[in-house]
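By written order: A, B and C. Residues from 1 in each chain.
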Amino acid sequence: MKKTLAILVGLVVTAPVLAEEAVNIYSFRQPFLIQPILDDFTAQTGIKTNVVFAKKGLIERLKREGKHSQADLVLTSNFSDLIQLEDLALTQAINSEAVNANVPVSFRDADGQWIALTKRVRNVYSSKERVGALPHLSYEELALPKYKGKICTRSGKHPYNLGLVASMIAHHGEAQTKSWLEGVKANLVRKPQGNDRAQVKAVKEGLCDLALGNSYYFGKMIEDPEQKPWADAVHINFPNQDNRGSHINVSGVVMTKYAKNPENALKLIEYMTDNKAQNMYASVNMEYPVKPGVELSSLVASWGSFKEDSLPLDEISKYRPLALKLIDEVKFDL
Amino acid sequence: MRFKFSLSRWQFFAWVIGIVLITPLCFLLFESLQGDSEVFSHLWDTVLWDYTRNTLLLILGVGAVSCLIALPLGWLTAYCDFPGRRQFEWALMLPLAMPTYIIAYVYTDLFDYAGPVQITLRNWFDWQSPSDYWFFDIRTLPGAIMMIALVLYPYLYLIFKTALREQSFKLVQASQLMGLSPRQSFYKVSLPLARGAIVAGLALISMEAMADFATVNYFAVSTLTTAVYDTWLGYYSLTAAAKISAIMLLILFLALAMERYSRRNQAVFERQSGVNSETLYNLTGKSAWLATGFCCAVLFFAFALPVAVLIGYAVSYAEQAWNSAFFLYAWQSFKIAMIVSAITIVLSLFVVFYQRIAKQAYPLIPGRLASTGYALPGTVLAIAVLLPLSLFDDKLNTWLEPMGFSPGLLLSGTLFAIIFAYVVRFYAIAHGAVEASFMRISPSLDMASQSMGKSQGQTLRKVHIPLLRRGILTAALLVFIECMKELPAALLLRPFNFETLATHVFQYVSDEQLELASISALAIVVVGLVPLYFVNRSMEQRS
Amino acid sequence: MSSLVLENLSYQYNGTAVIEGLDLTVAKDEIVCLLGASGCGKTTTLKAIAGLITAQQGKVFIDAKLISDEQRFLAPEHRNIGMMFQDYALFPHLTVADNIAFGLTKMSKAQKQQRVNEMLELVHLVGCAERFPHQLSGGQQQRVAIARALAYNPSLLLLDEPFSNIDTQVRFELIADIRRIIKNQQVSAVFVTHSKEEAFAFADTLAIMDCGKIVQQGTPEQLFNTPNSKVVAEFLGQGIYLDAEALTATEYTTAFGRVESLLAQSHAKHVGQLYVRPHHLELMPLQPQSSPANTVTILNRRFVGSHFVYKVIIAGQEIDVAAQLGQSFLVNDDVTIRITPHTVNFFAE
């Protein structure tokens, strides 16, 4: 009985042995998206990577673990998490010549508290068959009555949509954004649901003509034989090319305040911002690399160049809580 | 004197268990008192009512649909003889092994506008757009209710069937002789007599439905659980999130307390010590076909169809879905589930035994305290567990560091956190099942054993536990299967590089690509079936 | 007119015959007792009458109406039968009043209320209407059960060992009470028991069952005095068998010498056995002319209130016998035994 108990306790409280040379990562991004990059990093440096992936609550976990946390890095899939981590003082400054050289100023925090790794555009997909390309479309037009019953989107509370709404507030103020949201909601053919792929599928099936979605989903779908027909049925549009440019979101990384392996963590960040990893992000995940001059995947390149909204991310991030409030107020998801 | 001492020892254990298991919730409630009512009042002004209405409708709907499925099934298998009854009796438990997020995914894929069913219909009838025809929308509240009820009904079915088996057949026969048709005796005798059992089953189901996030989120139905997540992850206010959780718990407890109060005068004693092995009605002809057909239909929609779809995915995506670490994941899932089942059973035995022998006031309180965790949404529970554990780790380190030790995150950074969270969450299931079978043991057996010089501990070991075997097995099985399926707590609390089948599947489900994890999804179901098979076999041998 | 008629009723369970060609008639307002050892098929017969099981063969008539044969089967709920179960089967979730009102249909609320009150009065339970069954004593529960079974005026009342859970102290009072209630309500009844004392006290006629058949049916004294078989004789009272030969209609020779029958019987010249009950045996002080055959030794003695009974062995069979008036013996005394003249029970070989 006692022996069993001892074994049980041993089984339970022994943490998996972490290799000497390692980086421990909390990741909001699915491991299969980043694994090739991490594997290559390990092959090059001999530094092992350990990952915990979750979609929710990792920031809270980090906060509660405090200075004993084993996490060295947090990988996020949108900029609000980056800024939240900074606001909660869970990060430390990254001072690296290499990183600063790789990442333009607008895509990293002034003190290096966070670094963006890739960019993604909030695109509008349109049905090739029923609408065609819309080179002059703006986000604002999505609220026009002519699109009544023609628009699909995922939940308004998803970080990608929240980011877009926050940027609308930054540009137009609260009142105007609220009426814009009401207009878009009135145009929805169905209650917001599914992810960005599902919206493309809905356009293909004729449920709607326009759908909001991120750029890299489109690229991934073209590569999937099952999903290629869906992607083939839509045209990818970059909104607001005539004025401020398309809304950009980023994935990024922070080094935790109490990182136990800061040197290794820094090596990984440097690696991730450098050509090879940036290239992999571009070619495997169909994202836009943050490092200027890194070649896009040929598919992404075929969509052409476009103008980005140049408003700084922390400027947009300020309006995120307000964006969520407005979405509740207009009952966007209900 | 010795008697006194031993009783207070049981009392001590029971209260310790109750208090330890309620600790995370206390921390959470404490968090909710930390001011910051702005977010809450904003929700109050905007969407909270819609969320509350959706939550209530969800619980009522899932409860009603579960009743519609489980009560007839329980009655048929307990009282009637019809072709296939023996097989259906256990097969109808199978859907329990199916995680809700998987069944929701599979059905959405099938019945969505862009899914194969609607596409086929459009091709057949040459419909062009959604305005040409009507088709039910699966991503709605009724859709979510159906999905959740399809996998949760076995709780009610199991408890109700057992209750019917243990009711004396003579009560039904007596009512028949007094002119009641089988249908009337069902409503007037079997149902009211099994009311306690039905409520217990519905309580489990509604707690689970209330805590569900994955399915309602996937179906774009906003409930109070959505509000909990929004406030926490959107408004970054754990305080408001804790407040909403507290309100949800309050609603549930009020409902249960009201039900208990309404039957305070009834004491339903089971005279019958054994279990009816024969059946009451022999169905023939049309009614036999109807019974068999109904069982088949439920099994088909709740189990066979989703499994078939998963197998379909697995075949067409075999290459991507196969993962070399797959056996490791299965083993980790299995290990955790076994440990948690064992712990919850032992704890519930302690607490329920204390309830039985207690002569002090409020013997039921430790059990109630310990069972509360079940109604908390998984991620919220995970955070609630993290609060005391990380505090403990922090204090421990502060205390040990001057002596040169640095144990790090001894509790919150290891499997202990996951196991503790699971025990907090699933204790209620074990407690319910063990309590129910304890009540069937006549108190005179306790007296007999004690009069023969056995201590209470010996009585528990030598008299109760052998008699409880069936109940314990059922409890362990239910906890095991729930552990196999449980996702949010594992996701958030796991150590580095630790994957279970569920977390592995979630990676892909979260990207709406279940196809790529279909083999693991099937494995969750299959590993859940293994104990189901053994428990069923040992029950058969017994009777 | 007969209230219940069973004709050639047969029932098999898992290939074993439980009832085999059973015939039974219950007259109007008569209480018939099915008496037999456990496992002889009594309760099964009751269930077949109630329709709780389906007999494979035979006919059941209630009030001359055919309710069950090989082709037809009237569901139990349409038979209008009252039944009292061994454990009473009172609904634990209903009050006494609701239990009694349970079988009342097609009645207004007020009528039901009135009927419940009548029944409560009949069974002396006025004031218990709102109690739950578990708050009553065993005897009270039993009276609720009978009130419930009679409340809807059934054409036939079935009672399945209703007194077996009752304390012996009060059992016979209750039996008398329930008998009064049934007679008062003028209903035919079939009553199942394995206790002859209950049967004697409760029934108008007895039907002795053995191996799924009725062996003999008649009044208690008929069956006791003139059993048609050893089964019946043994069942209704202790006794010993003596090998005997009938010399004439009233004279038999045994190892004890001659035994006289008070009533002429038709066994003359037959060889067989006499069944002798203890009250036809008598112990007296050892007589000088006593042969070894009728000299016995007292094995033990037992005081039964007014006198002693003595255990002795006769023809290899143990039996409890009383002594002649005014006599008293000690253990190990040798005494003479004698058979008093009576209406003998002779079973020819």
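We adopt the following convention: a residue touches a chain if its C-beta (ideal position, glycine included) is under 8 Å from a C-beta of that chain, and two chains touch if they have at least 3 such contacts.
In this text the structure is predicted, and so the values were computed from the model without any measurement.
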{"item": "Chain contact topology (line, ring, star, complete or other)", "value": "line"}
{"item": "B-C compared against A-B, more contacting pairs", "value": "A-B"}
{"item": "Chain whose averaged C-alpha position falls nearest the assembly-wide average", "value": "B"}
{"item": "Most widely separated chain from subunit C, with each centre as the mean of CA atoms", "value": "A"}
{"item": "Cα-centroid distance, subunit A relative to subunit C, in whole angstrom", "value": "88"}
{"item": "Subunit B and subunit C: spacing of chain centres that average the CA atoms, whole Å", "value": "54"}
{"item": "Centre distance in Å when subunit A and subunit B are each reduced to the mean of their C-alpha atoms", "value": "34"}
{"item": "Residues on subunit C engaged by subunit B in the complex (per definition of touch)", "value": "50-52, 75-83, 85, 87, 89, 91-94, 102-103, 105, 132, 134, 148, 152"}
{"item": "Interface residues, subunit B side, partner subunit A - complex", "value": "42-43, 46-47, 50, 112-114, 118-119, 128-130, 137, 139-140, 219-220, 222, 229-230, 232-236, 238, 335, 339, 379, 382-383, 386-387, 390, 393-394, 397, 408-416, 419, 488, 491-498, 503, 507-508, 510-512, 515"}
{"item": "Contact footprint of subunit C on subunit B as seen in their complex", "value": "168, 170-171, 173-181, 184, 188-189, 192-193, 195, 265-269, 271"}
{"item": "Residue ranges of subunit A in contact with subunit B within the complex", "value": "8, 11-16, 18, 24, 30-32, 50-58, 60-61, 64-66, 68-70, 84, 155, 157, 162, 189-195, 197-198, 201-202, 204-207, 226, 230, 321, 324-325, 328-329, 331, 333-334"}
